[in-house]
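A single structure is presented below for examination.
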């Protein structure tokens, strides 16, 4: 009976689908992606924010509400401020990758035999895992037998253990991080340079523009999209720095190379870490810092979208 | 608050790699170095031979990684037996209900008698939470040949030790080797300085959070320690090295002494030292008249409360606690059996260690096992910093005192 | 062309440039070359203090052999593949769908959703760490390859959607319009018209995601603890704890760990760079 009753509905359903297809189709296509992203990214952010108001050791089943307790503790925690200061150092120093990448790109932007191979080999460091980069630089820096410390010793006569000295350790790690990051910026700029409007450049040359002036007035404006992406990935990379700190110093010597991302992990999950709520509070601070940049980037993209 | 809101997603995605069959026990431990690994393999083989029908599935972890992994697997997929450490180091797991009460294993097997010396460090709230299988001494390993070549005698007290250091340093030899890129080796130094300056009870009170880090008696410890730090009596760039990385300098004679646990003897020998080039001495007296207490960390086995095969796990604990099993295990480990019925070691370092520990005024576990996690971590950061910047002493102690205020709740 | 082409400058400039290239390259790859040389150095060289000189003999076979026979490196590599390949398929697949939706339909939440994907892609991992770990525990996929695959797939969907959406935006919309006029269903438009055009984007994204996930270390430490599911990055870290002072072995293991993404890069170079630099030029 129901089969018969359903008969007249079928074309109706089809036409209903047809009428609403354009409204419904995007949601059907989006559903799996949104679901996965919500479960693993969006909801966890909310949970972390909420967890930051609790004291929880990760072992016992129940957490204790402490309000803003974790945040007030952060305020008086010298390790937190050290981490934050190092994050600022990372951010500032890491941005050197942008001009450095541009410089390497300009150096390699020629048409000579074998240049493609050179470009690939210069890009090489970016492909390698940061764990491997960290191990390489640890070896490079190691006192007594590392290559760099060997050079320093022949130059100055004294043996400097870069990663064990709180004056240099953070910069030593940042230098290791700059290596792949410069490669990344380089490739962005090489692509950008490839697409430069050559007529405009030649016209400027006719007008007598040379060197810096040409670079600044004609080339850089055309490279703006590459610069934007380079800055975005570099800022995000700087704030996300975890792997290198973990591999090269574990935050030491005596916590002087900690950054927020590592300090958070240390407090919540590492050998001596049992403070999930406190860790979450650190993560929230890092998240808010990043949100400032993310918002700025998105506003930029929004402008581009509107222009397009 | 519990994060169970999304557990409906589980859909039975059971993939637990450690699900045990009847007659199988899963054992997680951290014997990644060669000698302990071999000892463990033998122990498992012996256990299986003595208990036909029970097989042991062993997951061996990297030693350093294990210390953070345990808190994960005890909750996520608990094995049937897990290796861990005695003293305060097991308190978080016990308090969270992650370890099984094994008082009955002690009672049934007469362990209260045989393991008497370690009973206090295995007891929380009047119950036993695991069995100890080995312990080892800490002390100063030194190079008798280097001492002799430089006219240095084995120091008996602090003044002699400092004088010996001065003499060695003048001869271009670093008195002490240490590698502090991992934090814990500095903990051994602090333990001994405090045990010798203030004695056992004070040290226990301090690690137990009952004394302020700004107490003048704590300051006195650091002042004494500074007598070694300030003149540079440790190898250069120690903070860049792991403890194993510092051994070549000791083996080559560039450094003359090494404060370490007895597990260091095997790698020292492997680095090329002969029997007559390596000797052991007790950490010398500092404050005259204070009874000598020692660091003697105890390693243990526990049954996680989530274990699936507790009956066989208890058989394993009983086996590993027995006099005979401990004799064999520790012979390969190069450490001391806890069971009083075990055969006495005949190795010269273990003999010396056993004699020293038997007459000790008290046994401390180790800084990171006596102090709770947060205090231990901050403390060892502070010791590490002190060894590079002794002039930061006041700032370090103020910071540690601030940590004490929140770490003991 | 900027800077001025070498060919248009004085001949000596060209010669100097040709000489500078290899020198600059060697300086640039100095740490890598050092590690590569160390990986074929016999252990006796290290003990004898020959850290920088030419290896006294080629010990590549024994060092690399030792890494495979004396450590679970083989298993780590296998695990990395087991984690990486399903993630690439999953994330690229999901983002083909979502990228298509965001690029071809006009609806109110469109741009808003797009920016949500973009923003999510940039958040610090630490803000996800505790809840994701807890979720995996509850789903019983903690400490398993599946757990890592699920997370990576979901997280990488953010970046992939950004990428796919921008790529599809660049396709001629007229194709889709005319198909709609002819009454072709939306799914058929996706499957028969758009998807075939997306091949280059799929190739580029696959290579990129392969590299990202292969090189992940943070999530491997948070979500995995045993050898059975440990990828090569975390495994390398664990070996480093075991092989203290055995730099010849660490170096060999590092080279092995770096090899798959490096090969991937050289084989698929064009796609790789196209993927990375999408948006670095106008149009």
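Side notes on the structure shown:
Letters A, B and C mark the chains in the order given here, with residues in each chain numbered from 1 onward.
Note that a contact is a pair of C-beta atoms (placed from the backbone, for glycine too) under 8 Å apart; a residue touches a chain by one contact, two chains touch by 3 or more.
Here the structure is a predicted model, which is why all the values come from computation and not from measurement.
Distance from subunit A peaks, on a Cα-centroid basis, for B.
The pair with more inter-chain C-beta contacts, choosing from B-C and A-C, is A-C. Distance between subunit B and subunit C, defined via averaged C-alpha coordinates, is recorded as 40 Å.
Work out the mean CA point of subunit A and of subunit C, and you get 14 Å between them.
With touch defined as above, residues shared between interfaces to two or more other chains in subunit A number as follows: 39, 43, 47, 51, 58, 269.
Counting partner chains per residue, subunit B shows two or more touched chains at residues 3, 6, 9, 64, 72, 75. Within subunit C, contacts with two or more other chains are made by residues 131, 134-135, 237.
Residue ranges of subunit B in contact with subunit A, taken from their complex: 1-3, 6, 9, 64, 67-68, 71-72, 74-75, 92-93, 95-98, 180-183, 236-241, 368, 373-374, 376-377, 381-382, 384-385, 388, 399, 402, 406.
The residues of subunit A lying in touch with subunit B in their complex are 39, 43, 47, 50-51, 54, 56-63, 73, 76, 78, 142-144, 159, 161, 163-166, 249-250, 252-255, 266, 269-275. Across the interface of their complex, subunit C is touched by residues 21-23, 25-27, 29-30, 32-34, 36-37, 39-45, 47-48, 51, 58, 106-107, 109-112, 114-115, 118, 120-125, 127-133, 135-137, 139-140, 145-147, 150, 179, 184, 187-189, 191-196, 198, 201, 214-215, 218-219, 225-226, 229, 236, 239-240, 242-243, 246-247, 260-261, 264-265, 268-269, 276, 279-280, 282-284, 286-287, 290-291, 293-294, 297-298, 301-302, 305 of subunit A. Those residues of subunit C lying in contact with subunit A across their complex are 1-3, 5-7, 14, 17-18, 21, 24-25, 28-32, 34-35, 38, 46, 49, 51-52, 94-95, 97-98, 100-102, 104-105, 107, 110-111, 113, 115-120, 122-135, 150-151, 153-155, 157-158, 161, 185-187, 190, 211, 214-215, 217-218, 221-222, 232-234, 236-237, 240, 247, 250-251, 254, 257-258, 261-262, 264-266, 269, 273, 276-277, 279-282.
Taken in their complex, subunit C has these residues touching subunit B: 131, 134-135, 137-144, 146, 225-229, 237-239, 241-242, 244-245.
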